[in-house]
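Following are the structures in question.
Both complexes shown next keep subunit A, but they swap its partner, so subunit B is in the first and subunit C is in the second.
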Partner chain A sequence: MKREELVHNLKVAYARLWVRLKGGYREPEWLVAELVIPVITLSAYVFLYKMVNAPPEYAGFVIIGGTMMAFWANVLWGMSAQFYWEKEVGNLEVYLVAPISRMAILLGMAIGGFVNTVLRAVAIFIAGILIFQVPIAIYEPLTALLIFFLTIGALYALGMMFASLFMLYGREAWHTASLLQEPIQFLSGTYFPTTSQVVPYMVQLLSSLIPLTFGLDGIRKVAILGQGISDVWLNIIALVVFIVVLLPLARLALNFMENLGKKEGRLTLRWQ
Partner chain B sequence: MAIGTILRTIKQAVWLGWKVETNWADPVVFAIYYLIKPVAGLLIVGFIFLIGSVVSGAVNPELFMFLFIGNSFFIYVVQIMMTMTMLIHEDRAHYEVLKHIYLTPGSLQWYIVGRALNGVMNASVSLLLTLGLGVAVFQYGLGIPIQIDWLNIDFGLLSLTLLLGIVCFMAIGFILCGINIMTSKVQFMLNEYVSGTLYLFGGVVFLPELLPQWGQHISNALPITYFLRIVRFSFLHQGSFDVQMNLLYLVATMIATILVGLAVFKVAMFKARRDGLIDKKEEY
Partner chain C sequence: MRFLVSARGLMPHAVETQNVVRVFKGNHKPVKALDKVSITIEEGEIFGLLGPNGAGKTTLIKILTTLLLPTSGEAYVGGFNVAKEAHKVRQVISLVSGGETPGYGILSANENLWFFSQLYGLPSSTAKAEIKRLMADLEFDEYAKTRMSKLSTGYKQRLNLARGLLNNPTILFLDEPTLGLDVLTSKNMRSYIVDWAKREKKGTVLLTTHYMAEADEMCDRVAIIDRGRILACDSPLRLKQNLKENVIIKAEVSSVQADFSFVEGMKGVIGYSQTRSIQTDTTSFKVMVTEERIFSNIMSKLEEQNVKILSVNKAEPTLEDVYISLVGRGFEQEEGAAHET
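== the complex of A and B ==
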């Protein structure tokens, strides 16, 4: 890629990032909802662990899971389904006729979405820790940050890949995004460790196909169980592999689906 | 309004709701969609329970039954709230048909009832599938005894409770419709707020006695608490349970909810007509 082209696409990413940042704070009622609603759900699961007398670190697992779920929700609704919304409001065709990389738009969305979500996620984390008095044991903060950022990278790469699918979707976009919530929460072990002996082997196998599983497991080990890099190096490798595989796949999928959409005339189809 | 007109309005609304909900996919994909979400929800709480119990050293099947039935029947709340919060937004801003429905001889209220009943239908299908798959996974797959005598369920009591509960949840839905008609873009969060609050305080997956005192007061004021208690009794027949008193509380909270729901909706429609909100356009 030429330097001029690179600068041009970075400007595109910045422009989309700016819209995302601005939009994220335009409606304060959404900001409040994104903080309060996850805490309500998390509380129910923490009480469920309390009902069966589970140790307090399990409440910590729930808080970490709920915090990371904020990013998954952003990936689903703010990245994957975004091209569907853009199509519905008539922006997608503008993106497609502009002399810009689609990946630059997605990069802008991803960074903007991440910045917006990180503030909400931190608030959910702190609220959860304070309300439920969860013990935190971070001895290697750099390891925790490394796993966190690798997880975010893998999740948003996955979101970019899904975005190509959603570009052609009609109303099924809504249902598909909705469908990728509870099943992913279950498979990735958002609220419980999938490494438990209780979880069947098949479920563990399926869960290993989701980057969030490795991220959650790693962050829990480092933030709640007080473990270090020697205990989570496999998680780090798995997350790096996800990023390396998913990013080029996202680019390929985006080109393929755009061409398919052009052939079938579905890129500007609304109200499906 | 003539009974015939009301029934025709409800029938058409149910049919329309069914089409809107289902015609985006072929029947198999649709069935999978309606199965996977609630089953995944049940699996999440089921595995939290199991893992937590194993770590603490004791699996209590009675507590498992508590969450199994509670979480399964909570699908009625989820579906009715989802249908009724999205309805105004979709019909007004997305498909732009609310003004046409408002102009027809059939009342908008009965149209909303019909759409909500479609949500009830979908919830019933999801419930049956969830119960079946839940038993298969937890009893036959993971060895947790599901202590339900399926031939000895008190169907009379269960039907009555379902009827009262559904009317009650629809009344809450009318409050949300009223709020939606006067606002814009809050439909997603309204649904989550209401469902989440009912999930936390309604004794769905954990005993409300675990809540702090103020939380227990909220729990006692919610119809979902009594609804789920009676539903559980109709399945499990716990000896010490006072059915009549719980039915009385359910009816009382239902009447209160209906009165509030209809009042909010009427005021909202009056203001919407006055302020020109019935055909308000949003982002589409």
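== the complex of A and C ==
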């Protein structure tokens, strides 16, 4: 990509990010639903663990899981499924006719979505510490931040790949996204660590295909169990591999789906 | 890049298609939406693609704007192949679809336009000045700060047109740009587009419409398309002049029950169209015949249906008559037939 082209696409990403932020802050009512409801859901698990006298770290695991799940929900519904909505209102057609990379649009959506979701995630995290007295033990904040950002990178790269499905298949892909929400919550270990020995081997194997599993496990180790970089290096490598593989794959998938859509005539077909 | 050797030197056609065919998978059998379409549009021309719903107009526009691939044949826009050089095509074009309101309802009109300007990499200051000018030209600057969701259909369509002009395209594709608009807004929009093409000099417009008057008023040349085939292509004047030897008669009769289908196959009848008005319980009928005396045979047959003839007039040929002469029926029947299938 030439420098001029790169600058143009970065401008596009910034403009799409600006739309997302502007939209988010113009209707702040969403904050209530975004901040209060997730805390209620998580509190059910925290109370359950307390009732069965589970170790106190388990409440911490749930809070970290809920915090990171906010990002997964944003990737799935705020970015991948967003492409379906853009198609229905006619924006996708405008994007496709413009001389831009589709990845630039997705990058803008991803960063904008990330910024908006950070609020929700921080609220869940603070509520966890203040209301549920979750024990936090971060000795290496830089390692925690590194794992957090690598997890976000890998998640949004996965979201970009799913966006290609939404671009072409619309409502059918919507069902796929619904199907992906709960199983991924389960497999990645939102409410309990799937890397624990009590979880069947096949489930552990399946969960290792999801970047969120490595992210959650790493952040839990660093933020709750007080471990350091020497304990999470495998998580870091796995997340880097996910990013390196998923980003180019997302670009290929977008190009492939766009060409397929142009051949089949489904690219701008509505209400399918 | 594809060039045309002309008196002006090596020049690409603004648009050129060669035997473009597009087939879609149908429910039961493949549907041929375009059948060997070959057209050329010169730089600076306003070219109309006129046909009823389902004629293939939008399919052709989608191919030319890189949203769809042709099944066979080749198409060039600005000298670039739409299938192989899509990115280069996208740098010189813009597409405005009527009835569409791309944008974000939560953003204001000028915020939406600023966003769209960034898709073409316009420096922010240039974009803001251009947005201001376009909004003033299209007479909706007073709504600059109004959220798009609160704009009326007419103003949303002005916003859509402004978006299409923001990148100063060399070739502007307009797909039914006045669809669903009131008479005054449509008129203003049409004259703005014509002025834009004149002002830009090299600005080329490809317009699809099923409004005859729109094509007649705006276009330098018109191609009449039906069931994926180009039936005729010339200036509106020449297309109409070709009908001068025929006689066109318009009549209005009482009752929506009146049926003129008996004229099909009558000797000397070239074609006809009929429009029923339930509100006034009348049927308007237009018939093209080779000689005036043939119409009296039609009148006698009508009397057998017990309908009252309210008015009869001889009419000057319009583009609708050109369509009738080529297809044998008017748009109304065509669209009715398309809905029945």
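Following the convention adopted for this analysis, the second predicted complex is superposed on the first by the 271 of 272 C-alpha atoms of A that agree within 3 Å, B and C clash if a C-alpha of one lies under 4 Å from a C-alpha of the other, contacts with A are read in each partner's own complex, and residues count from 1 in each chain.
Here, a contact is a pair of C-beta atoms (placed from the backbone, for glycine too) under 8 Å apart; a residue touches a chain by one contact, two chains touch by 3 or more.
These numbers were taken from a predicted model, which means no experiment stands behind them.
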**Message:** For the combined arrangement obtained by superposing on subunit A, do subunit B and subunit C clash, or do they fit?
**Reply:** fit
**First, second, both or neither for A:His8, with subunit B first and subunit C second** = second
**Message:** Just to be sure I read the superposition right, which of the two partners does A:Thr268 touch: subunit B = first, subunit C = second, or both, or neither?
**Reply:** second
**Message:** Between subunit C and subunit B, which one touches more residues of subunit A when both complexes sit on the common chain A?
**Reply:** B
**Asked** If you stack the two complexes on chain A, which partner ends up touching A:Ala98: first (subunit B), second (subunit C), both, or neither?
**Response** second
**Request:** Determine, under the contact definition given at the top, whether A:Tyr58 touches first (subunit B), second (subunit C), both, or neither.
**Result:** first
**Request:** Treating the CA centre of subunit A as the corner point, state the angle out to subunit B and subunit C, nearest 10°.
**Result:** 90
**Prompt:** So, A:Trp18: does it touch subunit B (first), subunit C (second), both, or neither?
**Reply:** second
**Asked** Does the superposition put A:Glu27 against subunit B (first), subunit C (second), both, or neither?
**Response** both
**Request:** For A:Val89, select first, second, both or neither according to whether it touches subunit B, subunit C, the two together, or no partner.
**Result:** both
**Asked** Does subunit B (first) or subunit C (second) touch A:Phe192, or do both, or does neither?
**Response** first
**Minimum distance between Cα atoms of subunit B and subunit C in the superposition (Å)** = 7
**Prompt:** Do subunit B and subunit C touch any of the same residues on subunit A, and if so, which?
**Reply:** 27, 89
**Message:** Under the definition above, what is the set of subunit B residues touching subunit A in their complex?
**Reply:** 24-25, 33, 36-37, 40-41, 43-45, 47-56, 58, 60, 63, 67, 94-95, 141-142, 185-186, 189, 192-193, 196-197, 199-200, 204-207, 210-211, 283-284
**Request:** Provide the residue numbers of subunit A that touch subunit C in the complex, in ascending order.
**Result:** 7-8, 11-12, 14-16, 18-19, 22-23, 26-27, 89-91, 93-100, 259, 262-265, 267-268
**Touching residues on subunit A, where the partner in the complex is subunit B** = 27, 29-30, 33, 36-37, 40-41, 43-45, 47-55, 58, 88-89, 170-172, 175, 178-179, 181-183, 185-186, 190-193, 196-200, 271-272
**Prompt:** Taking the complex as given, what residues does subunit C use to touch subunit A?
**Reply:** 22, 24-25, 62, 65-69, 87, 90-91, 93-95, 97, 100-104, 106-107, 111, 114-116, 118-121, 163
